[in-house]
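Input: a single structure, listed below in structure tokens.
Order as written gives the chain letters A, B, C and D; numbering starts at 1 within each chain.
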Amino acid sequence: MKNRKVKVGIVGLGRLGYRHAENMAFRVPHCELLAVCSVVEEEVKEAQEKWGIPYGYTDYDKMLENRELEAIFIASPSRFHCEQIEKALEAGFHVFSEKPLGLYLEEVEKVEKAVSRHSDKVFMLGFMRRYDPSYAEVKRRIDSGEIGEPVLIRCYGLDPAGKLDSFLRFARDNYSGGLFLDMAIHDLDLARWYLQAEAEEVWAIGGSYAYREFAELGDAETGAAMVRFAGNRIGIFVAGRNCVHGYHIETEIIGTKGTLRIGTVPERNHVMLFNEKGAIKKCFEGFLERFEQAYLKEAEEFITCILENRKPSVSVRDGVESTRLGYACKESFETGRLVRIKS
Amino acid sequence: MKNRKVKVGIVGLGRLGYRHAENMAFRVPHCELLAVCSVVEEEVKEAQEKWGIPYGYTDYDKMLENRELEAIFIASPSRFHCEQIEKALEAGFHVFSEKPLGLYLEEVEKVEKAVSRHSDKVFMLGFMRRYDPSYAEVKRRIDSGEIGEPVLIRCYGLDPAGKLDSFLRFARDNYSGGLFLDMAIHDLDLARWYLQAEAEEVWAIGGSYAYREFAELGDAETGAAMVRFAGNRIGIFVAGRNCVHGYHIETEIIGTKGTLRIGTVPERNHVMLFNEKGAIKKCFEGFLERFEQAYLKEAEEFITCILENRKPSVSVRDGVESTRLGYACKESFETGRLVRIKS
Amino acid sequence: MKNRKVKVGIVGLGRLGYRHAENMAFRVPHCELLAVCSVVEEEVKEAQEKWGIPYGYTDYDKMLENRELEAIFIASPSRFHCEQIEKALEAGFHVFSEKPLGLYLEEVEKVEKAVSRHSDKVFMLGFMRRYDPSYAEVKRRIDSGEIGEPVLIRCYGLDPAGKLDSFLRFARDNYSGGLFLDMAIHDLDLARWYLQAEAEEVWAIGGSYAYREFAELGDAETGAAMVRFAGNRIGIFVAGRNCVHGYHIETEIIGTKGTLRIGTVPERNHVMLFNEKGAIKKCFEGFLERFEQAYLKEAEEFITCILENRKPSVSVRDGVESTRLGYACKESFETGRLVRIKS
Amino acid sequence: MKNRKVKVGIVGLGRLGYRHAENMAFRVPHCELLAVCSVVEEEVKEAQEKWGIPYGYTDYDKMLENRELEAIFIASPSRFHCEQIEKALEAGFHVFSEKPLGLYLEEVEKVEKAVSRHSDKVFMLGFMRRYDPSYAEVKRRIDSGEIGEPVLIRCYGLDPAGKLDSFLRFARDNYSGGLFLDMAIHDLDLARWYLQAEAEEVWAIGGSYAYREFAELGDAETGAAMVRFAGNRIGIFVAGRNCVHGYHIETEIIGTKGTLRIGTVPERNHVMLFNEKGAIKKCFEGFLERFEQAYLKEAEEFITCILENRKPSVSVRDGVESTRLGYACKESFETGRLVRIKS
């Protein structure tokens, strides 16, 4: 591939968008970040100056007119994903979109069709955990039969309590989809990926324990969903926004011949302190720290797929099905009823 | 208390009964094992000879006629518990019974009344985990407010695959209550104890994955129940009989200000091996090994309660309520429906 | 063995002696604690009353005149061990002595001869770690060849900082032997046991870092000794009295085909706390907690050896050789020189 | 800094050199790999073609004539380091050199003078561990006083047994400096860095246990050095080439108020397997895997120092002093004597 570089424009320069942009500007091989776009003009200017990016936009449609670009990287707020994906595909670009695919079932089903129409383009969805070295290794080990048949998957997705205030401020004015669609969506995708089975039934419960604001928003501070997958496989999903010790992403797959766990203790590095409190390991502070490598690797995979003209393992269908399951969790939580998932 | 010794007769000399008997013969302070009883005559003879126990019985009623005894320790098969408890109380003895209190809701409600009628006697139920140093410490720490309000409890009770064959042989002819009443009952008790709340609703699923025999028995090899407790507190219970790595008892309580976990890795001792496979910790082989101290301490507590004329913290009510919840799990698993628990 | 009980008299009712006495009064099968002896009269009275012990002495020689006794258990201060062992043997008793065998090489070599003269009696030395389940398992695994040939042993023996003040008060008036003879002696014994080799050369260093009092006593707060054992096997010993996180006993044996570690993190039980500081495991507070089981099992082994008329695996020679090595460490620390050990 | 890029030429394209080159070609911000140099022509060609590098050399002196370059990155065999560093400095380049600084005390002292003469140039030595997130965090925490005064440092540097054969083949024809200069040098540097003290005395022992070839080479398969640092601080260094479980780099610093450990279990990622053998964590396979981030960060730091015209924290003096200490270890191992270090 030598020095061939894929020219990319990114939309969205928030916390995660900024990281993606920085990665593509400097750390992703064979990638050249040529354009940045954000409705916040200062973000655009800062990025252009700091990293020497030639093109800057505050209007997404204008960026799509730039014919030097080959690929569009979408890291804007969730409610724009579907529209921006479709526009970019129609304009002839390869597209990477951050998760979630969309906020409503109707729009994700619509965007799935758009992706189908442009099957010559690479479309990739940002389920970055699949590219984390630990998650990827577990996939290989399950597929190799190391734990026999997967029977049960348990997933924790707990956001740090430290970010709770800013989340609540944001959530008052922005529909995020709620705990299950916003937080648990990664885990719902992982469950489907590891179990190779679709969900059939779900019951979800939860509540507001320390922060009544969640109840007022119709959301849950901490919640749990139990899912019956095809073949009576069991899925247990715990999601929360008040994790005192940090960012806790834990996954376990129990098989007929063994069990694999990822992140049982979310230790951020190899350091242990001993003092009068005991033996202490610090935990991850947030997703940017925990999934630093995964964010890089998924961007590398996107670029490599374009260069090698092949499809990534995360498909638009994964986005649709995880959204469908997320909606079933949400419905169950809201109604208190067992919900059957139609596929 | 000096040298005052409580004279005890035990019924049941199976694996666990034998351990209890040995403990009381030699390791429980202020306790004298005066009589052993089993329908298997060789067990009685062996125990008498090996430990020098003066009285041996193959007939439980006969043992109850021995007026030298003060207390009866019941470690017989589950289906005899209720009847034997009631008889012993009626005959004027203090009574310890192994879990479960009974196999049917009707009988446990009946035995609860018997215990009430004999409130001058010590009655204790063998929920030994409450006496394990780790479980006891966690209770103290929750009660001290260390993790704020408990929000979610997750319990794993997984029996070693190595004992699966003998279990299946046994289960064909003996009704054990099934996975939730037999295995999960300890965890249901712990959840009530830690959360200080009663269950309101449950959904339970499961299946037979490696061993079809469980399906034929109408039971599950591995199962999970999600329980909504009062105040929307969340209970997650996983029970299984095919745990390849050994005996896995794990409990987690997530609170509004912290989380406590017990037995995340069921490591049997302080040894770690490093070899070409990696860093390896062996796991517990079974309940006698994992709860060695707890079995001793609960017997000590029983004897001390008698000597000090006070009640243990495990009451007959704990037996009734955990059975009620176990039955709800079982009903949900069998019908596939969400089950509401009437209290 | 039925109900045959070995009748024991104990001398020394300090912290450890009290625990031994309580164990023998109640928890050691086939053992009857018939006599207690201490120069502190209240200790004798308290033990007699609390546990109903028939005989009490403030004079050791008087206890040796009690012909009902069969065995003497020595838990007095270290400086009395040798004399009391010899007297008890001469008086015809089986003898258990707490470590160290003695404080001076001359006296331990003399007592070794006394033990030889009374080879019909059981003599056992309180190197209790050999009876800890983890240490015992590692011995079996090394002997089975699991890690090939042992190449290096590393031992940490660190006393909790919390007991430092009381130690310093005690040490001003009582010669304990110093850090290497008092603290490291267990590890020196373990190294010989695991490596099956004798020490040939040692260099020891150390200092007073937080507490100058150690320097004033001619002792070290924390010290390290590196020992060359026969066959160029390597021994690394770290001993200290200022361990902030508790009682830290850690042992590692590196072999040609694997490595075994004991107590890498001295976690006191199966509980883990997660809070804003991270994931926290409490550590052992002291030797009574860490070696609770080992103290019981060594007493059981002593009684069983008497009943079965056989010798324990810890011999008087182990006491002599570990003292010899301890003295070499001490000499090296005091002179700063490499010390050759003559055997 | 915008798009300003430092133009670099690298010499040495072995396993580590290849990684460095790849990093600088694609992953190090503000860095442009303009030239590659190796005596192995195919390596040069492959790198040029694969990554599109404009200049390729088999003659180091020729590369130094390329005036487009600003910096030289030295990853050649250890015996060339000193000469190549001096030549590059004389030719006016910034210089990064892989560790060790050199193989002989005389040459490292000479190169130290060369670096002094060119104080306007950035010179950096590849003690990459200082840039590993865990090691860097521990430095900050020690400096913040979290563990009080450092008292003892223990370092393990164990190479995987899997690479032993290739090492032995290589070592027969190439003087590597031996176990202490080649393997332990990183740890000697870390000890000086963390303790902020120089070594005064050392005793080193070791042997050939599984592979007699080491003895034939006058080297050790596994060895240990105990070092007395200024202020009686204690250093314990274990180095080896036969680590069955992988690449084991572990460091512990005991302070007067706490202890910090890095890499107690060298677990390669967040995955744990449970099977019939127990709970298993895989270990790191080698240095490229363990220090992937550190290699990147040190290169980033080199480039940033050039751009910001400042010096890195690793100085040429660190190279000289660690070599001096390494030689003292070697001398002690070879003579069996305690060696005093003159500074």
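Basically, a residue touches a chain if its C-beta (ideal position, glycine included) is under 8 Å from a C-beta of that chain, and two chains touch if they have at least 3 such contacts.
According to UniProt, the chain labels map to these proteins: A, B, C, D = Myo-inositol 2-dehydrogenase/D-chiro-inositol 1-dehydrogenase.
None of these values were measured; they are calculated from a predicted model.
A.B. asks: So which chains are sitting against chain A and chain B at once?
C.D. replies: Neighbours common to chain A and chain B are C, D.
A.B. asks: If you tally contacting C-beta pairs, which pair wins, A-C or C-D?
C.D. replies: C-D
A.B. asks: Measuring centre to centre with C-alpha atoms, which chain is farthest from chain B?
C.D. replies: Chain D.
A.B. asks: As a quick test, compute the distance in whole Å between the mean CA positions of chain B and chain C.
C.D. replies: 37
A.B. asks: Could you grab the centroid distance between chain A and chain C? Build each centroid from C-alpha atoms only and quote it in angstrom.
C.D. replies: Each chain's C-alpha centroid was found; their separation is 56 Å.
A.B. asks: Distance-wise, how many Å sit between the C-alpha centres of chain C and chain D, to the nearest whole number?
C.D. replies: 42
A.B. asks: Of all residues in chain A, which are in touch with two or more distinct other chains?
C.D. replies: Within chain A, the residues that touch at least two other chains are 244-245, 257-259, 264-265, 272, 274-275.
A.B. asks: Give the list of chain A residues in touch with chain B in this complex.
C.D. replies: Listed in rising order, the residues are 148-149, 151-152, 154, 203, 205-207, 209-210, 222-224, 226, 228, 231-234, 236, 238, 240, 242, 244-245, 254, 256-259, 264-265, 337-338.
A.B. asks: Which residues of chain A touch chain D in their complex?
C.D. replies: 2-3, 25-30, 49-52, 133-134, 137-138, 141, 146-147, 257-264, 269-275
A.B. asks: List the residues on chain D that touch chain B in their complex, please.
C.D. replies: Residue positions touching the partner: 244-246, 248, 265-267, 272, 274-283.
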